[in-house]
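After this come two complexes, each holding subunit A, first together with subunit B and then together with subunit C.
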Partner chain A sequence: MDTAVSASPLRIALVGVPNCGKTALFNRLTGSRQKVANYPGVTVERREGERAANDGSELRILDLPGTYSLSPTTLDEAITRDVLLGRVADAPAPGLIVCVVDAVHLPIGLRLALEVKRLGLPMVLALNRMDVARRRGVKINVERLAAELGVAVLPTVAVQRGGADALIEAIQPGRWAAQRNVTVPAWQETTAEDAEQTQSDLKGVLEAVGYSAPVENPWFGRVDRLLLHPLGGLMVLAVVMFLMFQAVFSWAEAPMDLIEGGMAAVGEWLRGSMSEGPLRSLLVDGVIAGAGAVLVFLPQIIILFFFILALEDSGYLPRAAYLLDRLMGSVGLSGRAFIPLLSSFACAIPGIMAARTIPSWRDRLTTIMVAPLMTCSARLPVYALLIAAFIPDESVGVFNLQGLVMFGLYAAGILSALLVAWVMKLFASGTLYSPLMLELPDFQWPNSGNLLLGLWERVKIFLSRVGGIILALTIILWFLSSYPAPPPDATGPAIQYSFAGQLGAALEYVFAPIGFNWQISIALVPGLAAREVAVSALGTVYAMSAAGDDVAGQLEPLIAQTWSLATACSLLVWYIFAPQCLSTLAVVKRETNSWRYPLIMAGYLFALAYLASFITYRVVSAWA
Partner chain B sequence: MHGSPVPLAELRRGESGVVSGLDAARMFGDSSAESAALLARLRDLGFVAGARCEIVARMWLGGDPLVVRIGGSTFALRRAEAAAVQVLRHKERPSPSAVLVAKDASAATV
Partner chain C sequence: MLQQVLVTFLVLAAFAFSAWRLMPARRRLLTLLALDRWAAGHPALSAWRERWLKPRIIRAGGVGCDGCAANGSHAPRSR
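Up next is the complex of A and B:
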């Protein structure tokens, strides 16, 4: 085999309109051999994967953000155009374009294909979702289409095993060897004449291939009649959201007990089989009590992401965005902000990055600024711990009281986001129009393969956080809580004499008015790096404070005994705002390209958290 | 098809029509680069002369935003966006039963 060939892999870019099944096709081509990063300078997600070609060389496959046109209206769409033109550093112009066109919605995808083809790069066309198209009576003469366009046309079914075999055959590097050194195409802005030319070309091709539109599925219309109804639709949305949060709490119970039991058993075993000393303390009090306390929340995070991914795949999310557009518009947000904000329930970072799909800068900024108010999954461990310790596990009607409190905390986050957005609107000058123009895709059953791949990606991220930053911080905190050792005549627990104890005592002055003791104050510090570390930090701090061997293995009963209800409520409310997440602030800095907005964000979140916790603590103290 | 073109935003739920053209002045009352870009995007989405479209849903109090079915795809548009699309109604001010008839007729031609 020619070594020069294997040294320079063929670079393939997938281009298509949103919802054409491009990402499913990408998954089919690369399997799990993919990585997600960012384009240099911007936070547009860059999905790249690899596949071994038949001749042993590598295929580098790039999944470009979906776009309707090469004249961009959002940052995402601009990236797609710029990568194709070889304008992006670190991303040379692709040697081959796979233009993905949804056969069910041929005209809109074919229009883009005509535009892309004009760039003059080597291209093949993947005619995707052929199975659905056939079922719905769409007629397309594939040979004629290939002849009209002058490119190979490969029918694909991305969600089926073997559904992309013809495409895989067509993208083998041997066929495209001549084009290995691609000349970067010249770009001219699309003029009105170009646009009209494309439209008439499109009309010609559609007629030539005998295209007939899909038969309407009567169910889609009926379902949409309910889901898009101004009142009925909102009620369905509320029920869906509510079920999602109930499920996060009730389905996760059994697997969480299992992980918790496993962790406790490992801790006991280590305690029994190792001799007393710093290493045993590090493993049992630091690693198991700390990082283990966070690992317990893996099932809840999986369930939350399961719902988000399934809702996304089914085509429901843009409908929710439509329903909420008016409401969100009244506080200065766009309906398009719904999807970034929903992702923020998992983590604010992908949420803030998803805000790039919002065309107007002001809408985008408002979305970014309120995204941290959506309760991210890192706060779930804190909520779950406190609710399990302080809220009785009772039924209220058909609902579970713990689930209700959880729902209330999420709702409080949403309401404060609306409030903050409204205040931002007051400060903004003038009223700029921002477009909606949102496609509501056909309903489809979420594809289990894509769902599992998406979940696996999230599990990997979570586990690498537990094994990485959370473990590291837990060990540092264990060290700070263990040294310096207490003087021989010490009376209190050893931790009070350590660095962490001293820091906690100092912070207590700041946090005592809102009911936080020194243990909580310490836990807030490593929580700056990742919110869920607050739980592992509490685990470590309490494990270290206990005298000798009678360490209570479980954090939950311990805090239930030692904290007042007012303190617990105050901490819960604190975490609705929880300003302490450095990675979120770093992403905001990168997204807005200025220190101004992350500083404003940290300031306003801290102020709101302190104020709300102060009020909560005083009110609950007075009542209880 | 009856009468002169009206903005798409004026159609009621269930009403359908055929696009006759796009009108930038209807969008912002100017011809700025911004509204030109929005018009270009509408065209890319399939709002071109001759395309059949139907209003699937409208928000209460003024139909902002609204949902349009066009060329086999469905889009949510703001009122201002839908106002820029000129359509010829299938029927002038149909009664509810006339809407059903119009829908049956359009279903038969697909």
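Up next is the complex of A and C:
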């Protein structure tokens, strides 16, 4: 198969083994802010960015999923091979390949570089993480390496400003103009003889460049012995998770009070400065009471992601994956499911997409089906609201009770995912467990720049959701709660006569057995669009139900007074299993190429949520 | 009266925005492409087409997180 290489603009593909710094380099070259982390498998699809060349022309830069070889075993690795060979319909083969190799672990990356070089496409080699390599005593004769490979070799430090300047000079289109019309040669699957030849070439090159392996830090070895210990490691993991949820509650209290006070003050000011009418009601009872009630949870989300991002960057998470591999394997989950499930704590959508790294279709499907049971960040406002309203702010030993309950809810999500996976395993006879093959990255202090950038991205996402879809749905709910107006002889609150009130009354028949009142029943509907909208919907519905003017921004004490403990527990349990948002279902449809699986997923999650809430409501009602 | 007019506008805008954001990614792309075809016949709209419409079509054509309401801000930017 011969495929013509595109002439203009110059397309540059970043290729390398997982976790060698391709995405960090992509961000450096394009000014983009794609997610990077200190573990393999973060990039599962091609990403494209652009950069202006020195001559003003455009460079198109592709970040490809990491792969150890051009003979793929997973979907994400196949994407890399197909893009390089020009097999993707809307993406001609690249005009230049930048093969990114981690200088600290040169042999692993160089093996792929030798394989890529055989394609015959123009190529340069970026020797990344040179700063760490120098610190750890790695010796590489860069000039000799360039001579051995017959390509330019550029040392880079992708995470440093200016760390890719030499590479930027090397990829200018003028240098590659003469080679722009080459063709991709025919390619065949790697045979055993090819693999042996590559290994032999690799040995030769490593000897020629005088490569010496990195000096291991003795402390890292000691820390690893503890973190990877079957018992000690699990205890450390439990303590880390405990501390994280304790901090979410204890550190966030002051800033949350500040935002809550600010919201209440704005509501009061609007009420005092505007004449009574629908606009005032929309702003005070809709926007402030609804969207404002969600905004209050921003500090908790920042603290949660601070911990997650710091753990990601430090290299701890793959160790946790190693620890949990046996447990996951015993319930029928592939070891490779850890990273997708971990990603699902932020949002189920990237988690479901990350399941592409799992070679077996059945293992991949199991991971996709249980990913929504991991507690995504959208559920945090719902949990935090109910915990603050119903769980006393007391200490249990050295722990905060509210933090303990939050930890319990997250643990319940994980346990239910394991349980569902185990049940799915019972129906999937004849599948083999595929072991986890994971390269443990080096420990490192979290990069403050990465950390701040990651937090800023999460703040932007949260604020854009509050100011976007949450605000829009809150306005719609306000409209549905306000119209039609009550009849002249109405005795109850106006909302009871509105569209939303009538909908709530109808849904209450379905949800009354699990303790939900009509206000909660209404809030569940927009919560399908995004889970945290349930909080804004409750804020709006209660503000519209109130006879007085003192509700805006006071949702938490209001539900504490009007709901029973059994209802609150039932709603908390509902949200552990809650039928996921519509975007998640849409992604499952796309990833499985069928409506069958999203429908099964919605059905089983709804059934689980209803059953668990029913049991919880009955048990707590009898006990309380 | 002014409050009624403003509220009507805000509610309609909220309905339109929600419908757009909750629309399946493929339907959103097809809608943008239809809009682009229509705008191509109106030279006065060429600047708007280039500046507003083109980046949205590129983003809507992307896969994965670009199509998700939770991750709208991740499109690579040039410098």
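The rule is simple: the second predicted complex is superposed on the first by the 585 of 624 C-alpha atoms of A that agree within 3 Å, B and C clash if a C-alpha of one lies under 4 Å from a C-alpha of the other, contacts with A are read in each partner's own complex, and residues count from 1 in each chain.
Just so we're on the same page, a residue touches a chain if its C-beta (ideal position, glycine included) is under 8 Å from a C-beta of that chain, and two chains touch if they have at least 3 such contacts.
Bear in mind the structure is a predicted one, so any value in this text is a computation, not a measurement.
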Looking at the overlay, does A:318 come into contact with subunit B only (first), subunit C only (second), both, or neither?
first
Partner chain in contact with A:445 - subunit B first, subunit C second, else both or neither
neither
Under the stated touch criterion, which partner chain does A:73 make contact with: subunit B (first), subunit C (second), both, or neither?
first
Quick one: is A:195 in contact with subunit B, with subunit C, with both, or with neither? Answer first, second, both or neither.
first
Touching A:49, do we find subunit B (first), subunit C (second), both, or neither?
second
Subunit A residues where the subunit B and subunit C footprints coincide none
Taking the complex as given, what residues does subunit A use to touch subunit C?
30-34, 44-45, 47-52, 275, 277-280, 282, 347, 349-350, 353, 378, 457, 460-461, 464-465, 468-469, 471-473, 475-476, 479, 529-530, 582-583, 586-587
Subunit C contacts subunit A in the complex at 2-4, 6-7, 10-11, 13-15, 17-18, 21-22, 24-25, 63-65, 67-74, 76-79
Would you pull the subunit A residues touching subunit B in the complex into a rising list?
68-69, 71, 73, 104-105, 107-108, 111-112, 190, 195, 199, 213-216, 221, 224-225, 228-231, 318, 321-322, 325-326, 335, 433, 435-442
What residues on subunit B touch subunit A, complex-wise?
28, 34, 37-38, 40-46, 48, 56-57, 59-60, 64-65, 67, 71-78, 80-81, 107, 110
